[in-house]
Amino acid sequence: MDKEMILNWLHELAQGQLSPDEVLKKLADFPYQDLGFANIDSHRNLRNGNSEVIYCPGKSVDQIVQIFRALAEKSQNVIATRAGRRVFQAVQSQIPDAEYYQAARIVALWRNRKLTRGIIGVLAAGTADLNVAEEACTTAEIMGSKVIKIYDVGVAGIHRLFDKRELIEQCRVLIVVAGMEGALASVVGGLVDKPIVAVPTSIGYGSNFKGVAPLLSMLNSCASGIGVVNIDNGFGAGVLAHRINLLGEIK
Amino acid sequence: MDKEMILNWLHELAQGQLSPDEVLKKLADFPYQDLGFANIDSHRNLRNGNSEVIYCPGKSVDQIVQIFRALAEKSQNVIATRAGRRVFQAVQSQIPDAEYYQAARIVALWRNRKLTRGIIGVLAAGTADLNVAEEACTTAEIMGSKVIKIYDVGVAGIHRLFDKRELIEQCRVLIVVAGMEGALASVVGGLVDKPIVAVPTSIGYGSNFKGVAPLLSMLNSCASGIGVVNIDNGFGAGVLAHRINLLGEIK
Amino acid sequence: MDKEMILNWLHELAQGQLSPDEVLKKLADFPYQDLGFANIDSHRNLRNGNSEVIYCPGKSVDQIVQIFRALAEKSQNVIATRAGRRVFQAVQSQIPDAEYYQAARIVALWRNRKLTRGIIGVLAAGTADLNVAEEACTTAEIMGSKVIKIYDVGVAGIHRLFDKRELIEQCRVLIVVAGMEGALASVVGGLVDKPIVAVPTSIGYGSNFKGVAPLLSMLNSCASGIGVVNIDNGFGAGVLAHRINLLGEIK
Amino acid sequence: MDKEMILNWLHELAQGQLSPDEVLKKLADFPYQDLGFANIDSHRNLRNGNSEVIYCPGKSVDQIVQIFRALAEKSQNVIATRAGRRVFQAVQSQIPDAEYYQAARIVALWRNRKLTRGIIGVLAAGTADLNVAEEACTTAEIMGSKVIKIYDVGVAGIHRLFDKRELIEQCRVLIVVAGMEGALASVVGGLVDKPIVAVPTSIGYGSNFKGVAPLLSMLNSCASGIGVVNIDNGFGAGVLAHRINLLGEIK
Amino acid sequence: MDKEMILNWLHELAQGQLSPDEVLKKLADFPYQDLGFANIDSHRNLRNGNSEVIYCPGKSVDQIVQIFRALAEKSQNVIATRAGRRVFQAVQSQIPDAEYYQAARIVALWRNRKLTRGIIGVLAAGTADLNVAEEACTTAEIMGSKVIKIYDVGVAGIHRLFDKRELIEQCRVLIVVAGMEGALASVVGGLVDKPIVAVPTSIGYGSNFKGVAPLLSMLNSCASGIGVVNIDNGFGAGVLAHRINLLGEIK
Amino acid sequence: MDKEMILNWLHELAQGQLSPDEVLKKLADFPYQDLGFANIDSHRNLRNGNSEVIYCPGKSVDQIVQIFRALAEKSQNVIATRAGRRVFQAVQSQIPDAEYYQAARIVALWRNRKLTRGIIGVLAAGTADLNVAEEACTTAEIMGSKVIKIYDVGVAGIHRLFDKRELIEQCRVLIVVAGMEGALASVVGGLVDKPIVAVPTSIGYGSNFKGVAPLLSMLNSCASGIGVVNIDNGFGAGVLAHRINLLGEIK
Amino acid sequence: MDKEMILNWLHELAQGQLSPDEVLKKLADFPYQDLGFANIDSHRNLRNGNSEVIYCPGKSVDQIVQIFRALAEKSQNVIATRAGRRVFQAVQSQIPDAEYYQAARIVALWRNRKLTRGIIGVLAAGTADLNVAEEACTTAEIMGSKVIKIYDVGVAGIHRLFDKRELIEQCRVLIVVAGMEGALASVVGGLVDKPIVAVPTSIGYGSNFKGVAPLLSMLNSCASGIGVVNIDNGFGAGVLAHRINLLGEIK
Amino acid sequence: MDKEMILNWLHELAQGQLSPDEVLKKLADFPYQDLGFANIDSHRNLRNGNSEVIYCPGKSVDQIVQIFRALAEKSQNVIATRAGRRVFQAVQSQIPDAEYYQAARIVALWRNRKLTRGIIGVLAAGTADLNVAEEACTTAEIMGSKVIKIYDVGVAGIHRLFDKRELIEQCRVLIVVAGMEGALASVVGGLVDKPIVAVPTSIGYGSNFKGVAPLLSMLNSCASGIGVVNIDNGFGAGVLAHRINLLGEIK
């Protein structure tokens, strides 16, 4: 509608009802973002593979359902992260196609299932890190990336990691999920030269300080080429890896 | 049992039941590590655009010069990071082609200057963050990425950032360098959907805690798609951004 | 009554029943604060717009009700902060006029509803920050300030903030409430030159450290003119903004 | 010149050389900030009492002199903070009117010396806090606020503070500068109902942690109405107090 | 019995059944602490005014009852700290004289109620600090010190503290209990020259960090003569103050 | 080049210039990894005294039972750490021989009960540290070490520790478990010259910071020869002490 | 003179020149602290054994000399703490009687050398802690306490401590100075029931964090009766111990 | 001489000059440690392979030389750690046999050079960690352990580590020295089942926090059997590894 308003002014100017100076003044006073910023949002949707996201914590079930419905009308894919089963049931009662990815704690409406050719490899150190890894996987998949899961490859049994080297080589970008001391990121970074997104998890106890130990480990990795996201932030890792993965697709 | 299997193959080879090439192929397919890690290293060089890196702190000038010379024989481009002028002079006395990038504190031998078509945009918040930003730029360039510098775009004068939006849109991947509270990463992340590598700097005082404030800021960004590297780690950001940038090149 | 006692001594002195030295000694021994300090408290009430405050945590429901009743006799407006619904019900059973501001978690007796002409603008970054923002709003309003709410203007969708610039310009003082990385305070501080009271919230996870990330962000803001209060301290922000706002009223 | 460009388009539209749709498209593509954001900066100057600021750390003496000269042409008052004597001498060699406020570590060009009627009271706990207090005073004064200094009123000799109560009552806003445990902010906050800007200083040792102790003390003050700035940030306190002070002036 | 064994040896030596060298060897091998260390314990009881203490957390109700009974046989006064009502009921079922000090969370057997002439003054800043203050009071009283309580004298209403100055002057040693920013310790330390035991409490939120803010405040107090105990350690403060108080008694 | 070298050998083998065994030996000497990582694992089992371990947190009861059964087939002894009674009951329903060590929170299948001659002494400071101490004891015992328990020897009653000196001298290696300030490790380290494994526990409150105080204490011990494990990591201490203990056995 | 003014009013009242109400008003307006607070200071001097203190850091040599001279006129003993030799020389040039206690880094004028009968025992763990211990000793002595030094009794050689037990028993109050892990305070607290003032020192490295390790150790001591002062705060320990020591003197 | 005194008493008892009770009383009063504790020290020397240690920081050169000479008379081997060249020169001027191990910063008198058969393997991640690694090596060697150095095996080039696996397998105990993120300890712990002593170093920058990152990494290692010493504590690691190594020698 903003465009209409501006177009009206221009038509009035063309018809002599307004002078150039009057229009200039109107334009100057016009909240500038109405011209351009809205585009950001539509651009955003285009680039995100037509997916919209709801972060559930701090929102009531009702609020989540309402936002979910609104987004489901504008966007093919919708994901709600950090969602409990109760949230899923409420969403599903309104949008029957919604699915629940329990391990990832994600409620999703996944209508556009076209995937990239490039692959995101998601490595997880231990079984306790799986929730975060799954959040990364599901996020990246629903946004449109092909994903392979390479789990239980912690450095305490380092041969399991080396057994997967061929698989790892096939990926375009890697997500490394690890709690405890988070050494997996460094070891993977020492093996391959691909972009790595490292996700520390809060798995551990005592001087782990709820993920601070692997966070510092990953930030200080002696291997280069590692970008770190917040503790337990599987979603953020999925988004970043997807964006990197897309770069290899577009041509 | 692995030994037996290999021994069997060798016996079959000795008996003419297998050819040397068949055995070699078997060995190559044999649990990954059998061929040899050295391959990793050569892969590494290929992908890094034939660049080798020396991290200077903790090494004597003599050691640096020695390593630099050795690398200069194997590799077209060599960079020594966190290098003072004294290091440069010592290197240059042996390798006259070496150059000094003072703001980046990098000594480099830059023989292969082929650059990517894709661009890395390096944004810096304040003039005090320039050393780190320059380290990122020079690293990425010498590794082979085209770089544009978008400096002095801190959020205290947010219009300067918005003036550069078109330039930012032309980049394939962004590096955001910021000290103080590091809000620039979030603001850029709210404007574009490109992969962002965020570098907190130690610029600030008091409760900045030598870069902890921007580090936490960047890790907790409300905008997605941001990978964070260590405080003042311009080099690491340059490597990661270069690797991401390469994904858009290869076809 | 203290004044009476002193007056008695002075009368006895005037009547020759006491000598000047005797009175001097009595005065010297008299708890000095009885002369003057009580004034502080009455001054306090006058300036606070005749509002009294109870901070609920650590007090029993009975204690809160008792204090609330006592204050309701001396003061027109009374607010009890961080109050659950159970507290409200107990208060209301004794003081039927008491109201419950659920989002703000405030029980209030609001009899004097005269408001300032000057406006406090309360900006909140995300929906999860609303409780704290509401605490600030309700506190400031019941103390006597006009308040406008500018919510959901986080920097991840920075155009929503810019859409509100005209509204923001109409305010005399701003409260900025933000969790995650708290970048909103810096961005607002880069847009306007008004006094800003920044409130970090504990919204976030992992390296957010329950509000430490936005707290440091706000303390290190590259924009000047920002005063920070404790994490989640909506009440304190409301009081400070109200006091600042009053300065523009008095003439 | 941006305005001219737009005006040209509008004239061409008025003259039928462009259609409304063509102009709309041009406007949409036009870097929006060219319309309005530059205004922010001029607004900024107006409101800041025509003062410009340079933060010296991380800039070379040459850079500082260059920026100082540029600002001295646009603005009546210019201050460079955290400036050593060497910086002053370099500035003075070019701008002879520049003065050095040694205790405040500020180099200033102070041409417009009109002051507010309202007073900022700057309280400092100990003699070791004076540098920070002076930075606050000089900043506020050169921006245009009347300032009174109430120094050496730490709580270890609390009567010295009480001796100054009348003086404190005359101020419109208070800056409280304190290191060690920073208790002064709470005590002052318990005495008056004025807006207080608290500045923790890094004065202390051991578990003071370079100002963390007073910072936490001030953020957790049991007295309300206190906004805290970064450790040793006298400049920021001066700016915030000046902005608050201005509210009482304008009518 | 150890003494008996040694005495036996000495008798055997006196009777010529053992030689001096044999006895010396036996003594050297004898677990040395059997000679002297047991004395420590009995000394301990004597000096502690014949009181024994059980710290409840981490012990089962059964264990507590058992230890309580054992101590009740050797010692006139017994206290169990951090005890819930359920602990009290279990103890009382066996030792009917046991009493419950609910606010102090102490179960006590208080048979010897002789008190010192010297007084410990226990000051508490806010009503939320009372549990800790009561723990200090009850501990000190049952150990044998006379105690007076001076509560609700936080610095936000500093006149209430000054009203109690005469009372404070009558004490031999002071315990200052405060949460939030803990400024009360400094203010009291600025008023009197008595030994002060400061107890930070975990009352507060956000950057209070569960008592770290007042802990640092108290450790960094600009007033001298303050010894600090652990956060919420009312018991430890009571013991230390009692020991100090005893010094003024003995003659 | 590695491939060529191997191919050469294979050709020489095919041509009879080398025998299969010679080639095998060459391959075995060839960069280490050529033989196979699986060997590492079998070595591991041998050395660990044929014990396998499951760390329960973050695994479902079903997962634990399944892993337990699988390990029970390959290994004589199996322990599941940090296991609740519910886990035990589920395991026992499938493996009736499984036992529950409640204080250690360990479910174990203990079929090979052969113990070392060398003794691990496990010292614990207080009764509240017993869970962690028991975890260390049971871990070490089931792995095959003889263990003696020396509990309740905290430094507050230091004679109790000295009473046990003879017992301590008989041990080959010591585990010291302590919470609060963790001083026991230093005191024991000052008495004996044996290898000491120190385990800080999270017993304490306030500035104990859930075990950080004893952790730092142990890391900074003025006595040498102390290796520290994570807070509450009784299991890790048991494993390390067992490995050290084994060194004295093997001949 | 304040007293005179009041006395004048009272005389005028007695002579009928002023009415009781007029005098009451005058008294109410009279700056209250003029009545009583000055007394605090003189009380202070009396109790501190006529000693005055200057804390040197953050003061210029000139300032120190000036304050020292002023105090030397009012007070028999004066100490300047954390003073370098240069400060001493400047003071001595004006006050020839001043002495320099180098290990304690104290410049003192010690005219009244009367000492208490009660003894403060100052224990230090290592030779590196001596500066802090000496500061405590010299402070306490010049304030008037008898002091004995019990140095080099760290727990790594615990028998050296036990050798001094008799000496320790003779003291009325103990100061325990220790860096590294600070275990000495707990061990001493486990041996005696005297009031203990614990001083953590910044001696150590790595995870000692400049005294944080012993600070936490001392705050969390399993022995009761320990009051802790700031890291390296020998002066504060000396003052507190002296005040405690005085309690045993006065009768 | 203590023994003589006791022996005298016993002779007097044997001769009837003292009664058993008198002797018992004398013994009870006798400082107990005189009997037995001195033994500890001699035991200590025996077990330490007749080596004595001086920790230099905080001691003057004179003090160090004096202690060195004293120890050189009682003990065959003496080492002074953290010693600069100036210390060496001073020691050497008095004890010409003293040697300087520059990389280890150790001055040593190494007369008894008998070594164990068992080997300590010292692994270091990077060249910057060598000082700490050398301190560990030299300490262990002079105490009597055979040592092999396996340097520059950081995980960024993990094949270099695997190349050394055979060497590693020959060791009895391992010391792992690593800065940055300290992942090497976990990787080594995943490869072998030997006791590992992990030494974090302060090599790194930014969020490395002077060794905190590798310290936490090592404490939280997912591999078991790792004991951690303080940051940069090569000496402590050498002592602990030597004590562990000795266990395999003694039979």
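Just so it is clear, A, B, C, D, E, F, G and H label the chains in written order, and each chain counts residues from 1 on its own.
Keep this in mind: a contact is a pair of C-beta atoms (placed from the backbone, for glycine too) under 8 Å apart; a residue touches a chain by one contact, two chains touch by 3 or more.
What you are looking at is a predicted structure, and each value in this text was computed from that prediction instead of being measured.
Chemist: When I count C-beta pairs in contact, which pair ends up with more: F-G or B-D?
Modeler: By the number of C-beta pairs in contact, the winner is F-G.
Chemist: Measuring between Cα centroids, what's the chain most distant from subunit A?
Modeler: The most remote chain is G.
Chemist: Distance between subunit C and subunit H based on Cα centroids, please, to the nearest Å.
Modeler: So the centre of subunit C lies 59 Å away from the centre of subunit H.
Chemist: Provide the C-alpha centroid distance between subunit B and subunit F, rounded to the nearest whole angstrom.
Modeler: Result: the chain centres lie 39 Å from each other.
Chemist: Return the distance between the CA-based centres of subunit E and subunit G, expressed in whole Å.
Modeler: 24
Chemist: Where in subunit E do residues touch two or more of the other chains?
Modeler: In subunit E, 32-33, 37, 40, 126, 157-158, 191, 206-208, 212, 215, 219-220, 224, 230-231 touch at least two other chains.
Chemist: Go ahead and list every pair of chains that touch.
Modeler: Those chain pairs which touch are A-B, A-C, A-D, A-F, A-H, B-C, B-D, B-F, B-H, C-D, C-E, C-G, D-E, D-G, E-F, E-G, E-H, F-G, F-H, G-H.
Chemist: Can you list the residues on subunit H that touch subunit F in the complex?
Modeler: Touch residues, subunit H against subunit F: 40, 43-44, 47-48, 53, 118, 159, 162-166, 172-173, 191, 193-197, 215, 219-220, 224-231, 235-236, 239-240, 243-245, 247-248, 250-251.
Chemist: In their shared complex, at which residues does subunit F touch subunit E?
Modeler: 126-128, 157-159, 162-163, 165-166, 203, 205-208
Chemist: Can you tell me which positions in subunit F touch subunit B when the two form their complex?
Modeler: Touching subunit B from subunit F are residues 1-3, 6-7, 10-11, 13-14, 16, 19-21, 23-24, 27-28, 30-31, 33-39.
Chemist: Would you mind writing out the residues of subunit B in touch with subunit C in their complex?
Modeler: 125-126, 154-158, 180-183, 186-187, 189-191, 204, 206-209, 212-214, 216-224
Chemist: Which residues, counting only subunit H, touch subunit G once they are in their complex?
Modeler: On the subunit H side, the touching residues are 31-34, 37-38, 40-41, 57-59, 63, 200, 202, 210-212, 215, 230-233.
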